[in-house]
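Chain IDs A, B, C, D and E follow the sequence of writing; residue 1 opens each chain.
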Amino acid sequence: MIELALDVVSWVLLAVGGACVLIGGIGGLRLPNFYTRIHAASLTDTMATLLIFVGMMLQSGLSLATLKLFAIMLFLLLTGPTATYALANAALLSGLKPEGDTGQSKHGENTQP
Amino acid sequence: MIYVFALFLLTLLVITAVAIVRTENLFVAVMLTSIFSLLMAANFFILDAADVALTEAAVGAGVTTVIFLSALALTGDWEKPRPGGRTVALGTVGVLAMLLIYASFDKPRLGDPEAPVHQHVAPWYLEKTPEYMDIPNVVTAILSSFRGYDTLGEVFVVFAACIGVLFILGVKPARQTAAAPQPVSGLRHHLIPQVVGRLLVPFIVLFGLYVQFHGEYGPGGGFQAGAIIATGVILYALLEGEAEALRAVPRSVLLALVVGGALLYGAVGVVCMLKGGAFLDYSVLAADPVFGQQLGILVIEAGVGMAVCGALLSIFHAFAARESMT
Amino acid sequence: MKLLELLGYYNYWVFAVVLTVGLYAVIRKRNLIKKLIGLSIFQSAVFLLYITMDKVEGGTAPIIQKGVPDQVFSNPLPQVLILTAIVVGVSTLALGLAMVVRIKESYGTIEEHEILGAD
Amino acid sequence: MYIVVSIAILVTMVLALVRALLGPTVYDRVLAVNVFGTKTVLLLSVIAFLYGRPDFLDLALAYALINVVGILAVLEFFQDRFRKQERVDSD
Amino acid sequence: MTFMEHLPALQVVVPMLSAPLIVLLQPRGLAWAGATAAGLASFAIAIALAMAVLDGQTQVYAMGGWAAPYGIALEVDAFSALVLLLVTGAGAAALLAARVSVDRQIEPERQPLFYAAWLLGLAGLAGIVVSADAFNIFVFMEISSLASYILIAGGPDRRALPAVFKYLIMGTIGATFYLIGVGLIYMMTGTLNLADMQARIGDVVALNPILVAAGFITIGLALKAAVFPLHVWLPNAYTHAPHMVTVFLAACATKVALYVLIRFDSMVFQDRLSDHEFQFTLFALPLAVLGILVASSVAMFEGHLKRLLATSSVAQIGYILLGASFVSEAGITASAMHMFNHALAKGGLFLAVACLAFHFRDLRLSELGGAARRMPLTCAALVVCGLSLIGVPGTAGFISKWLLITAALESGLWGWSLVAVILVSSLMAVVYIWRIVEALYFQQASAEGDTSFAEAPLQLLLVTWAVALLNIFFGLFPHLPLALANGSAALLVGGAP
């Protein structure tokens, strides 16, 4: 009985995690400019990772694999937002101004340093 | 079921390869190259090559991207487009492609067990490894003992690359910039990456050591460990600045690591000779041949790890020092 | 059945295409760094050829698990060869980039036609 | 169940690759590479479970650690060029 | 296992393990001394191996104690003993003479790295010749290639860098083609050991991949050996390399690639693939003839002395391929002998060029006026080696030209035209050697050049003269190399065990 419950919970978590990943991916593609796309990317980094890994941990029960899964989740949650922050910081410093309400970023051209 | 993944990832691979060749901004090409190596590692993993995927990950994502970027920083990152017809190049290359695809129909289908590859030498390895070495990871057993001579050659290829880069970049650049080479401050004012990085570096080096000594039981070994530890120290150099990293791991230590690793590997072979076995025959190292094999594999994996880590780091420092000069 | 049959050869076709893309870049492009990138793609294709050989239907990676009886394993030998070839590729790449840096300093350019023109 | 998740991750990788190819500004491409790296970690862990060989998670762990080095190297590269441009403009 | 049985392994291990040691020897003179000691040791091992092979026992060495198809086997038979003598001899001789010339061209703090790369090159080439495992040959081919890129990149002027970059690109493509060929053969036969491959390739049903593999291996090794259409990297690389590096590489680097091509072709593909002899001859013969004629004619009009000799090397490689393409016992003997004799002749010529470089900054023929009066001994040695290159009777070159002509006659109806080609190209060789002699002896010294007697340093001069005398000695008493060449021909084509 417990077994079945665990399975169902982890299936649900995995499904929602998968959906989150998909939403993040689509967001990354359709959003107008750089700073909005960074939100979409960070969504997948944190939420989807959390859901998928917890779902898998439930599946693998108490074992070395669970410890590894926990370590991977921890490092992903640690490094993902850092990288996104550093990226946004570098973009801001080098002059890519976030948009007010025009929606289309002034510096759209490719030769942005 | 694996066909779906294989099909999917291989198509992505081809798209990325074509995109790399077509783009003219070299920086974009380097970014796509790191995606290319991510895809290669995923493909290897699906085709049951866990060790190779780990090597491609450790070497491709970390070290290759960093070396390419430091070379781009020293040269320009724009490519002058080449006008004119590309029919000749496309023609010769197209003929080669047709020839290869034509020849591929006689090759054994992906994964069929009757292929000659699986009949002759491979079953012997799979059967004899538990008997001679009693270690789970057959790839490490072949890499270090059955074909240990190849890996010795491999360590000396890395050694040659290291002394080659030191030799070629040993020449001072002609026009030394008037200003004293100001210390390359790492991502100084990026406080958050610095804090997280300082937290991360010990774990990367610890994971590198884990991969080093876990080589017999799971995917891992000398090459992967050396590359991961080198990536850890490179991360420290990126965050704290290259001068700081040199203080932590000075050049003399790096040279000692490379030379020590190569000599350690060779010394194990010579000791086997002196003890009456053939070159690199570890079973003579200890009374019980199986224990001798395990001891030999452990020591030469340590030698490989030292050599690869020292070589990759001295290559990185050679390029980074060049950047601060010009 | 025919489609599944053809799928078996898909890896070899990708090997052929990626090999020719790499070779095209090396022959066609004049920027020295782009030639090196083409060279590394060219070598990656060869790795794909070797690793495609080792897959056995339903086999897992050749790491023998103690408890599990008579497991089908993939072939470990091509993986050993490719471990060596990857490190050879990186070493050649590092040496090539060191030469490109020196060429840039002495010639001021890394476009092949300008270098040949300079001498 | 794992198959559904891995297909979702594969589709996201395709979307990230499209962003990397199209991306107008260079930072979009760096973002795409970052997303691609994270998705590879997820894909490798899910496939490790799909194959029933959980001891292959080392590979995903390695990628989780190393992926960030590539991104920070890129930002260091940009910072250098930005500082070099400042020096060129100033003198 | 006695010391004698370890020799095949020691042949590679001695130079390879001494390379890292030399990197640690910072004091300048010590690096050269260590390198020369290791070079001479490996030459002594090669001589001992040749002696052992001459009295009949081919050495087989199972590396790591594992039997042949499962582990890596080393095998030293007549052919590999001959090429080993050639490689280690050229390496040791060039190292002996290297100190003075290298001190002028490489800064002291970079010299330990230079000599370590030199020993790695020597170990790589010896590793290829000794190994009997297809993938092991690839690994050692990479070691020797990387080492020769480093050595050439040490060249004094800036033109060395683009030359060595082109060599790196073409060399890596060649090595990767070879890797694809080995992969395809492994895919169809399941083994990497050469002898095992020979046994198992017969029962391969689907021949397509094997033919494609033969194509890839031949083209890859032709690229490495600078066979005619794929030789564009060689002239620039040898011209702009440091003088002593040109001596070492010109004598043995390309010949080892030809050695692998001949061994692969005659052992693996030959008697198992139907009408493969015809295909190999159809491929190799025209390339060899074209190579000989075009390269010799280009050499005739070349202004720079070193580039002239490098282009003539391409022609001489054409001779070796010509011998191999007959696929007969006489043919293989002729090509093996020419490998040996060309190494002697070309090594001597480039040593003489290194001596000339001491007093003549610019090595163009127009600038070398009055060299004979200022450096009589060097020019005399250059003339002796030039005669051996042409193939004047009494010198080593004559022996191999003679064997080539007999092999050509033996090979049937095309024989006479091939003999004509050999004679015409020998005439062309006479022309370009005469142009050198005329520039050295009869050209007036340029106005401001001083004409005082100024010979090259003694050490360099002694080695140059030693090689010149060897040219003559092996011209008169060719028993040792001839016995090895005959043994290798019998082994490869004659089907002897």
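The rule we apply is simple: a contact is a pair of C-beta atoms (placed from the backbone, for glycine too) under 8 Å apart; a residue touches a chain by one contact, two chains touch by 3 or more.
All values derive from a computational prediction rather than experimental measurement.
Visitor: Among the remaining chains, which ones contact both chain A and chain D?
Guide: B
Visitor: Could you give the fewest steps needed to travel from chain A to chain B through chains in contact?
Guide: 1
Visitor: Going by the contact definition up top, give me the pair of chains with the most C-beta pairs touching.
Guide: Pair with the most C-beta pairs in contact: B-C.
Visitor: If you average the CA coordinates per chain, which chain's centre is most distant from that of chain E?
Guide: The most distant chain relative to chain E turns out to be A.
Visitor: With chain centres defined as C-alpha means, what is the inter-centre distance between chain D and chain E in Å?
Guide: 47
Visitor: When the centre of a chain is set as the mean of its C-alpha atoms, what distance in Å lies between chain A and chain E?
Guide: Centres of chain A and chain E (C-alpha means) sit 58 Å apart.
Visitor: Measuring centre to centre with CA averages, how many angstrom lie between chain B and chain D?
Guide: 19
Visitor: For chain C versus chain E, what separation do you get between their C-alpha means, in angstrom?
Guide: From the centre of chain C to the centre of chain E is 29 Å.
Visitor: Identify all positions of chain B at which a residue touches two or more other chains, and write them in rising order.
Guide: Residue numbers touching two or more other chains: 25, 50, 72, 100, 105, 107, 115, 117-118, 121-122, 125, 147, 150, 153-154, 157, 160-161, 164, 168, 171, 187, 190, 193, 197, 200, 203, 218-219.
Visitor: Would you give the residues of chain D that are in contact with at least 2 other chains, written as numbers and ranges?
Guide: Chain D, residues with two or more chain partners: 7, 13-14, 26, 30, 32, 55-56, 58, 61, 65, 67-68, 72, 75, 79, 81.
Visitor: Any chance you could list the residues of chain E touching two or more other chains?
Guide: Answer for chain E, listing residues that touch two or more other chains: 135, 139, 142, 146, 149-150, 153, 186-187, 192.
Visitor: Which of the chains are touching one another, listed as pairs?
Guide: A-B, A-D, B-C, B-D, B-E, C-D, C-E
Visitor: Residue numbers of chain B touching chain C in their complex, please.
Guide: Contact set of chain B toward chain C: 3, 6-7, 10-11, 13-14, 17-18, 20-21, 26, 29-30, 33, 36-37, 40, 43-44, 47-52, 55-56, 59, 63-64, 67-68, 71-72, 74-76, 79-80, 82, 86, 89-90, 92-94, 96-97, 100-101, 104-105, 107, 109-113, 115, 117-118, 121-122, 125-126, 129-130, 136-139, 142-143, 147, 150-151, 153-154, 157-158, 160-161, 164-165, 168-169, 171, 173-174, 217-219, 221, 223, 308, 315, 318-319, 322, 326.
Visitor: Can you name the residues of chain A that touch chain B in the complex?
Guide: 75, 78-79, 82-83, 85-86, 89, 110
Visitor: Where on chain D does chain A make contact in their complex?
Guide: 1-2, 4-5, 7-9, 11-16, 18-19, 24-28, 30-32, 34-35, 38-39, 41-42, 45-46, 49, 54-55, 57-58, 60-61, 64-65, 67-68, 71-72, 75, 78-79, 81-82, 85
Visitor: Using the touch definition up top, name the residues of chain B that touch chain D in the complex.
Guide: 1, 4-5, 8-9, 12, 15-16, 19, 25, 27-28, 31-32, 34-35, 38, 41-42, 45-46, 50, 53-54, 57-58, 61-62, 65-66, 69-70, 72-73, 184, 186-187, 190, 193, 197, 200, 203-204, 207, 210-211, 214, 218-220, 224, 228, 231-232, 234-235, 238-239, 323
Visitor: Write out the stretch or stretches of chain E touching chain B in their complex.
Guide: 1, 6, 9, 13, 16-17, 19-21, 23-24, 61-66, 69-72, 107, 109-110, 113-114, 116-117, 120, 123, 127, 135-136, 139-140, 142-143, 146-147, 149-150, 153-154, 184, 186-192, 200, 204, 206-209, 211-212
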